[in-house]
Amino acid sequence: MDRTSGTSRYTIIGKLDARATTAPEGLLIPSHSVVLRDKGVLLSSVPSIHRRRFLAGTAAVTAVVALSACGAKTDSASSSDKAAKIDVSGDTVKVGLLNSLSGTMAISEVTVRNSLMLAIDEINASGGVLGKKVKPISEDGASDWPTFAEKASKLIKEDAVAATFGCWTSASRKAVKPVFEKNKSLLFYPVQYEGLEESPYIFYTGATTNQQIIPGLDYLKSQGKKKLYLVGSDYVFPRTANKEIRAYAKANGMTILGEDYAPLGSTEFSTIANKVKASKADAVFNTLNGDSNVAFFKEYKSAGLTAKTMPVVSVSIAEEEVKSIGPQYLADQLTAWNYYQTTEGAANEKFVKAYKAKYGQDKPTSDPMEAAYTSVYLWKAMVEKAKSFDPEKVKAASDGITFDAPEGEVTVDGASQHLYKTARIGKIGSDGLIEEVWNSGKPIKPDPYLKGYDWASGLS
Amino acid sequence: MNLLKGRSARAAAGFAGAAALLFAVAPLLLSDFRLGLLAKYLCTAMVAVGICLAWGRGGLLTLGQGVFFGLGGYAMAMHLKIADAGPGNLPDFMQLYGTATELPWWWQPFANPLFALAATVLLPMAVAAILGSFIFRRRVKGAYFAILSQALAAAFAIWLIGQQATTGGTNGLTDIQGFFGYALDDPVNQRMVYFVIAAALLLLIALARQLVHSRYGELLVAVRDSEERVRFLGYNPANVKLVAYVVAAGMAGLAGALFVPAVGIISPAMIGIVPSIEFVIGAAVGGRASLVGAVLGAVGVAWAKTALSEEFPAAWTYFQGLLFIVALAFLPGGLASLVGLVRRRMASQATDSEETKPVVPVGEAA
Amino acid sequence: MTELAGLEIRQLRVSFDGFTAVDGVDLDVHPGDLRFLIGPNGAGKTTLVDAVTGLVRAEGSVLFGGDELLGRSVHRIARSGIGRTFQTATVFEELTVLQNLDIAAGAGRGMWTMLRRRRTVPESVARTLETVGLTELADSPAGTLAHGQKQWLEIGMLLVQDVRLLLLDEPVAGMSHDERQATGELLQRISEERTVVVIEHDMDFMRSFARSVSVLHAGKVLSEGTVAEVQADPQVQEVYLGHTAAEATADVTVQEA
Amino acid sequence: MTVILGQTFTGISIGAVLLLIALGLSLTFGQMNVINMAHGEFIMAGAYTTYVLQKSITGAGISLLVALPVAFLVSGALGALLEWLLIRRLYLRPLDTLLVTWGVSLMLQQLARDIFGAPNVQTRAPDWLTGNITLIGGDDPLTVANSRLFILGLAVAAVVALSLTLRLTPLGRRIRGVVQNRDLAEVSGISTERVDRTAFFLGSGLAGVAGVALTLVGPIGPTMGTNVIIDAFLVIVVGGIGQLKGTVIVAFVLGVLQSVLEYSTTVSVAKVLVLVAIVAFLQWRPQGLYTLRTRSLV
């Protein structure tokens, strides 16, 4: 296979999915596995984008342009098709850290940056990776998706990093995904997300939906909560999550009484609180993000709603957010994650202690921070197993890698490049910490397309 | 008319110099990555050309250029997404988030490349024409106009985000593979995109220059300085302003359209209040009334943003704030006014001897 | 040169939030007249001009050369041949004298002409430059002109517009004696071919150049006639603080100085 | 029925918040014609003042009440400083003021981030403000949040105080004098500079008070000001420049409109519809709801 079709491969997977879901007969082909596992077979049947070049005479372009176009054409064995070059010449190896340090998302992403730095420092203190010290190259995504794409490209092309860690929002991940795929460089993404995605160059170390949302729903079901109200911010994760929740509810005899979205950053929730209250639901499933949570919970309490009468399960409120909303408004509400600061185990004690020592005693640790911390160690283990920084070899070595993470043992699923993770439901205490009230007992196999759930067959 | 000739000759030399820089020097000196960044900066410079016309010359503080940039960008990106998906297929994001099994009717024409290309410029212009004719006719101006255009930018961004199934929501349109059949990940084609952008920028500058130096350009300045007076001369200032507003919108639309292949993404993050103000700052720093100043200012500020945020992310915010304050409070003409100041000082030294005393009118009645 | 036209105002009334600034004014300005409007502050002089030029909404009737003006938009009234100046000279400071006049001359230009560069000086502009004595300064920015020159430029802009009626709001305020004299002579020449209405406080200036005078008081026309007739009107003397005409005039000129 | 009443009250309470954040602007923008985009950051300063005070004053209720005057002074001082440093150079260039103060607002946000950290901070509300009052009992009760009532009361008090100040005090007369005729005020011996600065102090101080109130209903973070500033400006624009009664009426009308639309559609759609309604309204009345018709528009 030449390099050309190599890069096109991943586009084609997308196209096949398209055909699958919109087949003229109206038949849905739920079997994602077929598409993925047999990509070699299907590949041949689909035409790839023609790698045509602009001709010298293209209209509206000056002679100078034409000249340089010819010049470029002669060395058309261009670099983009090669795997990203990695600078391993010295006694250091560079990795990229790509988080928003400014803008609206800085609130959350700075904490992820902190724990990435912690992991890198620890690794360097114990000898580095393959004998090389890890040198972090820091970039600011500035809460702006095109900037994320630009910075990703800079890290890969200019800095020749071995891997990049970061991104928080789905939008930023979607923006950088093609950059990593085209340059064949690795991204470790540490945040729970809406699933329905697998990229050969992204490792997802946060939860996918069957490790967070579905356990959350299972828990509500086990508590006898039948009528749900859905509240979310207006973006990809809540909308997709709510689609899945609706499908789950339908299959499990639950009813969805309402579904409301507020624009990201919205801080006026009195109407939504009124609607929730009037619905007399058993519980609320909350996928709000950031600032909106503060306003929502203040309004929720003002409306006289409590965790006792109508509990809220949140999937974006971790310890850091509890701190900024205030336990006054959150006491006894529920969260669904894979990690809490209070999670038991020696690995977590060490992590929490190290984090507080480095960043301050009042700083809490949270799920995305832990997933970020874990992702650096996982990369180290993969590199050491592969005995190379080459992304292709690292990928090949990834399957089955385990790590005794603060959240408990995690294992890399090589096929999906997600992790086996234990789901944990927590209750927010008046001290601002979250206590686990339920867990899944053992790590759940990642299933980003929910192929293992019959009710989810119409979703993707 | 020697003066005029001298000016044209200087302009021609300037254009040749700029073309040499953009088409020969930059591609030789810069890596593919940096050239790609330059392409992005040039897109903001295209918006700045329009802002120079509307704000610098016409006094219309267009704080909503993000809307037009977005219209152009989405028109282009949607065509490319549809083309990527292939005939009969839905773009990937619609399969993920949408419920429809076919393209909504209002996206369907964008499958046609010619329609999409025309729409990138004509759609923003049409929207600007409708908005502008309402706003200017009712003599909403100055601060009102600025606040209103901000509000519109906010509304448009919120609306786009809310329509996830058909516009990609917050994600916007990403992962664009091809550009009219050419694979975008090929550096050669990426370089061609850069050339197209550079050529388009030069074209827009030439167009704006013609407008600025035309009778219309003089009239536009007159409207900026005293709208009421122009009205008493028998012109309708609303129409004069409308032309500048619509042209600026078209330029922002084209910039948005070309931004898509250069960066590979268009999203509401490029549309709301903040990006709309950022479009203005470049022009303000360089010199709102000077085309060259506005363009260089836009490129300079965009470059500074990348450079500073690579080194000191937090410092960028302070620096940006300071730029606004210094450029507008203390140097309202922008950096270009410094050049003008020097030139005027030199000229005034030459003419100081000729005293300008009041002359009593003489001669025949008209 | 277009034919002369006069102004016929009937029962004109303008009010703001209950306050009536112009209260049923009847006024005839004959074609080719050089009419002065005088009256104390707040008499409604400027508001009257505002109403004629469409700046404020008014009731009644304003006929110009037989056409009704009320209800038309400002720029349409301007296009029908009425031009005005303001108390403070408003010229386009950033444009040159030539550009100012060129814009004034070009309201009827087509799209194509507008989008092209001005290559030559239009004949009417050149003639007007001579008339108002600004030929030497044609390429200077209007912002650098002396106060009197700005007023002449403004009048020049009305001339190139080829208006048939000039409404001038205190054109000689702040001018030196020589400049006033020159302006007055300019107005007399202009009024040979156009109708001119001047709002003025300067009684000396009025006496030297007015062909006819209307006195406004509290939104009404108090008196009308030649300079001598008006000055002899006891009502007018009463209005000017109950003094005699001579004293009143002195009073006003002192204020001006 | 309960729903309609509930939504109406919700609308009124949204309106009260809008009114409180727009009130300071009605002075600085409405009276003095200064577009101060950093007004939102003065609101933020008021909110952070509450946060800082709560660190030393433990009683949530007392600290909140203390925070009201302190925040007024803190934000007011910031405003006066801004006026002295920058705005007084820009009175003749309103559009430039807009962009300059936008720059100031960026810097203040980053400053807040550097001092208090990027994450939101929390304040405690006193217990008597977190509950609610039941207006109609029964199966479908109509309740009204105490915090909202408090904000409504605060807004009304602020409006009364401001209009009395403008109408009755010598300071108010001077402000109005300067607004109506700057030159005349100057020659009659009023120091316009001092009046400008005092008016700016008052307007910015009111932003600080609004900031204290916002801690009861929303997040306290570096970007809290930018989230509300455009809405506040729209209230003034629609209400009519320099018209306190216009500001009051429009704040409540927009609040009710927003809540009704939110209930019948979605929050996003409601926001877009409200903005469209505002644009349409300005087509009808470009000078806003209430205007002083002046003798000459030139």
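The letters A, B, C and D name the chains in turn, as written, and every chain counts its residues from 1.
We adopt the following convention: a contact is a pair of C-beta atoms (placed from the backbone, for glycine too) under 8 Å apart; a residue touches a chain by one contact, two chains touch by 3 or more.
Everything quoted here is computed from the prediction, not taken from an experiment.
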Top-ranked pair of chains - ranking by C-beta pairs in contact: A-B
Chain whose Cα mean lies nearest the overall Cα mean: B
Centroid spacing, where centroids are CA-atom means, of chain B and chain C in whole angstrom: 42
Chain A and chain D, separation of their C-alpha mean positions in angstrom: 38
Chain B-chain D separation of Cα centroids, rounded to whole Å: 33
Cα-centroid distance, chain A relative to chain C, in whole angstrom: 73
Per-residue multi-chain contacts in chain C, two or more chains: 86
Multi-partner residues of chain D (each touching 2 or more other chains): 110, 113, 266, 268, 271, 297-298
Multi-partner residues of chain A (each touching 2 or more other chains): 102, 234, 261, 263
Complex contact set, residues of chain A against chain D: 102, 104, 106-108, 110-111, 234, 260-263, 265-268, 270-272, 274-275, 278, 291, 294-295, 298-299, 301-304, 320, 323-326, 328-329
Complex interface listing, chain A residues touching chain B: 7-8, 11, 14-15, 17-19, 21-22, 24, 26, 49-54, 58, 60-62, 64-65, 68-69, 72-73, 76, 78-80, 101-102, 138-140, 142-147, 149-150, 153-154, 157-158, 169-171, 174-175, 177-179, 182, 196, 234-236, 239-240, 261, 263-264, 460
Chain B residues within the chain C interface of the complex: 1, 4, 210-211, 213-216, 218-219, 221-222, 225-226, 228-237, 356, 358-366
Of all residues in chain C, those that touch chain B in their complex: 53, 73-75, 78-79, 83-84, 86, 90-95, 99-100, 102-104, 106-109, 113-119, 124, 127-128, 130-134, 136-137, 140, 144, 146, 148-149, 152, 157, 159-161, 178-179, 182-183, 186, 189-190, 192-193
Residue ranges of chain D in contact with chain A within the complex: 2-3, 6-7, 10, 13-14, 17, 110, 113, 118-125, 130-132, 140, 143, 145-148, 216-221, 223-224, 227-228, 258-259, 262-263, 266-268, 271
